[in-house]
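What follows is one structure encoded as structure tokens, with my remarks underneath.
Chain nomenclature is as follows: A, B and C, assigned in order of appearance, with residue numbering initiated at 1 for each chain independently.
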Amino acid sequence: MSISLPTYTRRETPLLGRSKRVGVIITTGLRRELRRPASIVVTGIGAALTTISSIVIVYLARVLLPGQPLDLTFFYVPASNVAILFFVTLMSAIVGSGLIADDLHSMALTLYFSRPITHGDYVLAKAAILGPLISLVSVLPLVITPIVAALFGFFPWDVALPAIGLSILAGVLFGSFYTAATLFLSSLTTRRAYAGAGVFAMTFGLTFPAQILTNATGNSVFLYASAWENYLAVARALFGAPQTMIDWPPALAILLVATALAALATYARMRTQEVVTA
Amino acid sequence: MLVETSDLTKTFGDVRAVDGLSVKIPDGAIGLVGPNGAGKTTFLRLLLGLLRPTSGRGRVLGHDISDGIPVREKIGYMPEHDCLLPEMTGVGLVSYMGRVSGLDKNTAMSRSHDVLQFVGVEEERYRKIAEYSTGMKQKVKLAQAMVHDPALYVFDEPTTGLDPRGRSEMLDLLRTIAKTSGRNVILSSHLLPDVESICKHIVILDGGHQIAAGELKALLSGAADRLRVDVRGDRAAFGQKLREAGHEVEVGTTGLRITRRPGVEADVFRTAHTIGAEVRYMGSEIRSLEELFLELVERNTRGGA
Amino acid sequence: MNAVVEATGVSKWYGEVLGLNGFSAAFAPGITGLVGPNGAGKSTLFKLLIGQLHKDQGELRLLGEDPWNNVPIKRRLGYCPEHNQLYGWLTADQFVSSLLRLDGMPSSEATRRAQEALETVGLTAVKDRRLRTYSRGMRQRAKLAQALAHDPDLLILDEPLSGADPQARVHILRTIADFAKDGGHVLMSTHVLYEVERLTSNIVLIHNGKGIASGNVHEIRALIDRHPHAVRIATPAPRAVAEALAPLDHIASIEFPAEKELLVRTRKPDAFYRELPAIIEDRRLEVTGLESPDDNLEAVFRYLVG
């Protein structure tokens, strides 16, 4: 017979490795973000709208797009659905803006970095939270459309399957840029609202002026400033659609470099973070 | 050695926050004190690997500080500032942080509950941290530092914002941790009596250097050859009577100080009886850490200036 | 002598939330420490005193007057709020002098008084640095400077030492002590009990919106007879001392916590201390040390508030 009152207890089990620890940050973050009503709504509406409008286009292709052959090049159409731009921006601004900003605001960064993880682990984990969420809007619709199209018999599987692969590639490329850029903006401020505004500014401040300037001056070089236009150029190349306005090699390079720079800048920001105590 | 540094330096632009610091901190419960700007926080962050030294080296629990990951596996840090995630529940945050430290899911959950019980967070653990009082938040901060059972605890101003009851509870918890064998504590605080009540060893920093270090008892046993007596009654007459009995007495505002000699205690009570005064305190002349600290810092300022 | 603050049945609610609930106390002249758990009503009391809030019930007198809607009395007050958020872009000098000018002081006098106040709190060397660069201890001193600058009769200080390093603490305590010595009154709230004890024995204990005790801390302690006074006696012959003390009727218990030690609990501490020297002499006892571990504010707080 004995009484054991709660006292300081020792840990018996060993510690798990770094990949497991990073994995915890990712799964906990994903779970938290997916439960947010905003993410559910944006994902739901975004994926649904994009998918449904793409499928409608598939169905009414002959009527809506005369002269568009029903082969692989067709799948450039859903990939260029501007709803994707809209919903990716929305998702980044609503969900992604707070990923780092909230930790800066609550100063929970101190807790994270007093743990056995590196700054790189942290940034990678945050990217692994945001990436999949953005992909729900940038990749998922593009994957569902060929499947539905093939299931309904509009397209043979030997066209639909490559379409799926290429869509994933294009969607991931676009999604990665927005993931990196949003995380970078989120790391700059303690207020998620500002970061969100930054995401909107990036989209609307770059894309629309670029298009306007191009139309006004007739010089399409301005389009290279817009991530969306660069993505479209790459998508055209992937699906074999005719190249217009801008070329895909510089477009691809710009997207990749911008993504890499944003990622590095975020990492650098985290490294120089010093929590200020009063 | 718990912590060993050799010529550790960290500069921020022109400011040398930590300047050629070479310390040897033994195991146990250590107090880290110093004025604002002395480099305490910078020093702790260097130990945790949150900052990289400009030059010099350091070792914590046998690992080089440039090797941040193994060091942080063994440290539990309770920061001074607010750092909790407000939308998480108490138990959610503690188990999450435990898992980020490498605990598996079940151990994390089990230890989180144990640790929250230990610090005194009851059903509040299921509520969101945003709703917690200051005292509760401090307890959760302590819990997240404890959950992975680190060999070294670093407490930075752990009683800030707590009311007297909260302070005393927190100090009791810290004392229990400090007394656990195999567990070490570095307590950084401005409240020197707190440090005195928990730590056996002290490191005093000023201007990025160490200006004193050692066993608290040794540093504080000032004039062991004097007896301090607090008297209720006519203090001056008391002192006079003792002098007539052949003792060296100094009558001050906070009591009398008498040079020790065999029989002095008996004489004190006899004098009290004779003149009808009361003895309210009789004991060693022990300096407080605060007095020692102020003296050392002043000496350092004068010396360095 | 008139009390500095006199409260009789003062109540203040924020909707359902309790601020003060029938708070009654009298604050003596000089320095008074206001002590109580978080949420006890300290900030509410201060806000009532500086006229920021209006009481719902009861009578409140500050220096003999009703503080509500009373602009002239604000000239005689200096208030140090608890929070540390100051106008970061101002220098300490600008901060104190602009507040003085808000008071109606002409510019040149404001500048002079600001510099004097900053000198008193020891911030002269850094008075031209912006407040955002200040450490906690320096901010506390800056707040204290602005409270002193217009030469008030009464200082109301809410946690003036919180976060201050030992040197800042010494400065602040000395400033407060000097202010009181020159005839000023001070109302100071704090959680760190030994700091209050260093300055004064006058306390007001507040809990759940009510005043639980006010007056001299030792007298209050003596009244708490539910918890007899503990006195630790160091002696090479504890049993002999115990035998000598046991017959006294006010002794509640005697323990032997360590080899050469005796812990006596007495219901009448004054009688105990009065009789002790005689007992020691008559019975030729050897007593080498004497201390009372719970005759302090911490014990009073613990026993009354829990």
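By our rule, a residue touches a chain if its C-beta (ideal position, glycine included) is under 8 Å from a C-beta of that chain, and two chains touch if they have at least 3 such contacts.
Keep in mind that what you see is a predicted model, and the values were worked out from it rather than measured.
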What chain is most central when centres are computed from CA atoms? B
By mean C-alpha position, what chain is farthest away from chain B? A
Which whole number of Å gives the spacing of the CA centres of chain A and chain C? 57
Separation of the C-alpha centres, chain B versus chain C, in whole Å, is 24
Centroid of chain A to centroid of chain B, CA atoms only: how many Å? 48
Mark out which residues of chain A touch at least two other chains, giving numbers and ranges. 278
Multi-chain touching residues of chain C, meaning two or more other chains, are 135-136, 163
Taking each residue of chain B in turn, which ones touch at least two of the other chains? none
Contact residues on chain A for chain B in the complex? 6-13, 15-18, 20-21, 24-25, 28, 32, 102-103, 106-118, 274-275, 277-278
Within the complex, chain C is touched by chain B residues 33-37, 133-135, 157, 160-168, 190-193, 232, 265-266, 269-270, 272-273, 277-284, 290, 293-294, 297
Could you pull out which chain C residues touch chain B in their complex? 35-39, 135-138, 162-170, 191-194, 234, 273-274, 276-278, 280-281, 286-292, 298, 301-302, 305-306
Which residues of chain B touch chain A in their complex? 41, 45, 48, 50-51, 68-70, 72-73, 75, 77, 79-87, 96-97, 99-104, 107, 111, 114-115, 117-118, 144, 146, 148-149, 176-177, 180, 183
